[in-house]
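Which chain is which? They are A, B and C, in the order written, and residues in each are numbered from 1.
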Amino acid sequence: MSQIAGTKARLVWAVNLAALVLVLLWTIPTFGLLVSSFRDRDQIAATGWWRAAFATEQTGFERAGTAADQLPEGDLFVISGDLTGAGAQVTAWGISSRDPAAFTPGETAELKDGQRLTVAADGAYRLSSPTAFTETRGMRIFLTTAEKPRATLENYARVIGAEGLGRAFLNTMTVTIPATVIPILIAAFAAYALAWMEFPGRALLIAAVVGLLVVPLQLALIPLLKFHNEIGLGKGYMGIWLAHTGFGLPLAIYLLRNYMAGLPREIIESARVDGATEFQIFRRIILPLSFPALASFAIFQFLWVWNDLLVATVFLGNRPDQLVMTGVLRELLGSRGGDWEILAASAFLSIAVPLLVFFALQKYLVRGLLAGSVKGG
Amino acid sequence: MEQLAYATGTIVAGVFACVAWFWGSNLLLDLIWPPRGPQAGRNITRANLIRPWAFIGPAVLFLGLYLVYPVLNSAARSLMDAGSREFVGLDNYRWLAGDAKFRESIANNMLWLLIVPAASTFLGLIAAQVTDRIRWGNLAKSLIFMPMAISFVGAGVIWKFIYDYRPEGQDQIGLLNAIWVALGHAPQTWLTLPLLNNLFLMAVLIWIQTGFAMVILSAALRGIPEETVEAAILDGANPVQLFFRIKVPQIRGTIAVVWTTITIVVLKVFDIVFVMTNGQWGTQVLANLMYDWMFRGAPDYGRGSAIALVIMALVTPIMIWNIRNARAETR
Amino acid sequence: MTRPLTLSVAVLALAAGSAFGADLKFPPGEDARFDWASYEALKAMDLKGQKLTVLGPWLSADRDLFESVLAYFEAATGVDVQYAGSDSFEQQIVIDAEAGSPPDIAVFPQPGLAADLAKKGHLKPLAAGTEDWIKAHYAAGDSWAAYGNYAGPDGAPHQYAFPYKADVKSLVWYVPENFEDAGYAVPQTMEELKALTEEIAADGGTPWCIGLGSGGATGWPATDWVEDLMLRLNPPGDYDAWVVNDLKFDDPKVIAAIEDFGWFARNDAFVAGGAGAVASGDFRDSPKGLFTSPPQCYLHRQASFIPSFFPEGTVIGQDADFFYFPAYADKGLGQPVLGAGTMFAKLTDNPAADAFITFLESPIAHEVWMAQTGFVTPFKAVDPDLYGDPTLQKMGQILREATTFRFDGSDLMPGAIGAGAFWTGMVDYAGGKPAAEVAHAIQATWDTLK
């Protein structure tokens, strides 16, 4: 008895450990993006995200004050100030890009014309000269500093403050909800017919659905937009709903049919014997039992439409009032797309709604349990 | 506000129209051939000949218009020149057969087809089983599922922070190189290493698709009748045996569906390759090659369509397998 | 001569134009350097209530700038212009044109795609006289006109596109203070540039930062190098023959240009991170090496847009500056300039589209943008004092003084080469393949296109 309990405890441990490893492997890349979304552009390019929480050694330069900052001090002219922010410790400094770590903090460097420069460990500097300074641009002082980690919310502020994001959110919702609901409805009926009704050509139709799964979207763009233009639909929400419905149907039918085909035969046959019409069987038995499958497809279709940019730009358009979320975020990146910090922040904002949907529908996924118990009984 | 009303109106109208169609057509059939009276048997048979078509009618209409028609259109264009004006016969296909990039893409696609569906399905199965048995299972599921919710552009950035390369001596900002350097090696430009770079791209898709496999398979695992599991436990099966001998065979159908779906995703894989290497350094795949020819520079719709048809032809074995399966079920 | 006229018109404009002056960046008539007469002349075209749709590649900041120019057209003619920007412009315009819902005007970043659409019959020829206008009013006007002149569906050439907004590519960026620290001087000739490269390496520094990585477009920065060197090793005629493949890609002249790029990029001592880092280093990250301490490199050859990837707060002209990528002194080929530009083409017969092209011929359309940022123009009639900053002015000067102006060759080649085989070939070359082998492979791809 105790042996079984021991095995069980060990098993629980093993399962937990396996889950932990999987979860870690799967979240580390995303976590890196999350950390990066709180760093500024220069930091991202300078050190790995995993070092964001540690003090890092940074090299760079700051500019001393200009002639406008000088104060007379005895027979000297002095420019002084602080080169670093709070929390930074100067470990070395220099006055030339050739040798940026020539001096230790506290040392004094002799410059041209009797000028002298001292930089202290806390970043305070003092530049003195026997004659008045004339520079309008401060000299470069090269610093090697140990910097405390810093985080910024600026990336998120920029994304949220982006012009037209609210409007785009509305547009995306307008596109996404009908484009998720309509294909599910149509596919559910088709899946039921393909799973439980007998008619000639059924197997062929199922195979055709599988075949259509693989149609590359890009190939359909021109013929379909042409079709919409010809029937006077043009570009607009109706067009994009229809397009997403068409593109989403094969996967919907395929997943739902497979699920429905796995439902216990006895229930359906006994209902038929009881004189229920096909429509009644579908509505009273199949639909409630298929909830997990419906919910999982709803999640996938929602995600796909939510993250889509291609179909939206083709069937909706690119005018500012037509843009969807992905379109606005893409704009933030600029025409050359090198702003990784913005990308990171926007990826996390755009992931929020799909994750909410996932959490909301998760309890329906669990209803699979109920379906299973019916099967067992 | 107006837009919201429009959207809500459409959802309601759409749902209503769908329901009206399915319900109405059903009612109509019952009126024409009432399943009662002296001819009930004959009427039911007749009605049942038509009823399935009422149910799949809208789907067939959509599939025909939005997928079959473009495919036929492209099939025709694949026999025409770049501007789709002159008929050129099989020239585009002949060109494909001799094109080095096309052969490279086919070879790479085969590699993808072998590795990605297998790895994603297997990992998804493990994830489903494991997360169903722990207390924080829902959280774990959500975290593994998260990559599905990230757009491909986002995924591209995420993996940049993994594969990025900095010359030796500089701080690495790519995790893989940081580990590699910490182990005492020289940093590598991962995405340019022949053959290996394909695996690095595949890792991204596996990372994304495992969540999909997990969700579907988890639902299937929960559907397994408790009795069969209990019986096996009483017979003294250990947990591993229980999983592979009792549970997996019972959800074989779902595993096949997941496998098929991911296979098809692989055939269409385009964004990952496009964002990360654009098919350079020997990583070209068919879908990206097709995109190149359809829209890049001076587009050649004929060649692009020819490649698209090759991609679709590759799915034929899966279709045949599905026909057989469907027939077996009916029997 | 023009001055009194401008002034008197300005006074008129002040009286008439105040109603919509609020929407315009520079109130008409105020700054006498602007050619307000050309703005007033536009008012002769009364197209009130007409609509014009424009599709272009410009997003965010660029879009705002372009819209500030559009505002003048709208104010003068009453046309309602709707501009849509797309980051997948190339795909978008092909789909829209083929599907039968084209915009009235499309802004092509590359002549190659425009030529292709012209051949397929999607573009409408511009008004007669446009070609002569470009030739007469643009510096190196013949070159510019040629880049908008394509064969139509019937094979007859027409002026289909109007070049507006130029980019200068032949620029080398550097940090003047680093040069000062090390005692280097800005080179005037290619020989001096090569000597400087060797000098920096001998001093223990690394001369160049070169990064070819650009995600899906990896390799393109190297094509700019090769094109620039083609223009410096061979007469412009050879360059023109090369982009249409009359001069084969594996011609010794082309191979020599590739190898000249290799002189810089394939020497471990000359590039930051060593030659191995060139192919995979991201072009957006590579200029940052100029600003590190100690500097990872001293020189970076890139087009005029690159400052947007400099560290935040970098002041061009002080923290960083550029010089003309010099020509060989001993070749006698003058001062060739490699550049690019956007081409405006008509896709419909909307009269407002014609009016818009006429608008682009007026100095004011150029001056409004050049007085802001990110715009250079080869238009000779504009006042160079209007350039928003000295950097632009210097670029504008390079453009105006060019003895030869040639468009980015990879934009002129067929897409499969200029946005495909050429890119991949340069990546292979940077990775160590011999130039001849790479050139043969590119030529082989080109042969399959015929």
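In this text, a residue touches a chain if its C-beta (ideal position, glycine included) is under 8 Å from a C-beta of that chain, and two chains touch if they have at least 3 such contacts.
Values in this document were obtained by computation on a predicted structure and should not be read as measured data.
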item	value
Result of counting contacting C-beta pairs for A-C and A-B, higher pair	A-B
Label of the chain whose CA centroid is most distant from the centroid of chain B	C
Computed distance of Cα centres, chain C from chain B, in Å	41
Chain A-chain B separation of Cα centroids, rounded to whole Å	20
Interchain centroid distance [CA atoms averaged], chain A/chain C, Å	33
For chain A, residues contacting two or more additional chains	45, 222-224, 309, 330
Overlap residues in chain C, where contacts from two or more other chains coincide	94, 215
Overlap residues in chain B, where contacts from two or more other chains coincide	294-295
Chain C contact footprint on chain A (complex, rising order)	40-42, 45, 59-61, 96-100, 137, 140, 142-144, 221-226, 228-230, 234-235, 309-310, 313-314, 317-320, 322, 330-338
Chain A contact footprint on chain C (complex, rising order)	55, 57-63, 82-88, 92, 94-96, 98-101, 175, 177-178, 181-182, 215, 282, 284-285, 288, 292-295, 305, 308-309, 311-312, 318
Residue numbers on chain B that touch chain A, as the complex places them	3-4, 6-7, 10-11, 14-15, 18-19, 22-23, 26, 30, 35, 48-49, 51-53, 55-56, 58-60, 62-63, 65-71, 73-74, 123, 126-127, 130-131, 133-134, 136-138, 140-154, 157-162, 171-175, 178, 207, 210-212, 215-216, 218-220, 222-227, 239, 253-254, 257, 260-261, 264, 267-268, 270, 287, 290-291, 294-295, 301, 304-305, 308, 311-312, 314-316, 318-320, 322-323, 326-327, 329-330
Interfacial residue positions of chain C with respect to chain B in the complex	90-91, 94, 110, 112-113, 115-116, 119-120, 215-219, 272-274, 276-277, 279-281, 296, 413-420, 423-424, 427, 431, 448
Interface residues, chain B side, partner chain C - complex	83, 95, 98-99, 156, 165-168, 170, 189, 191-192, 274-278, 280-281, 292-300
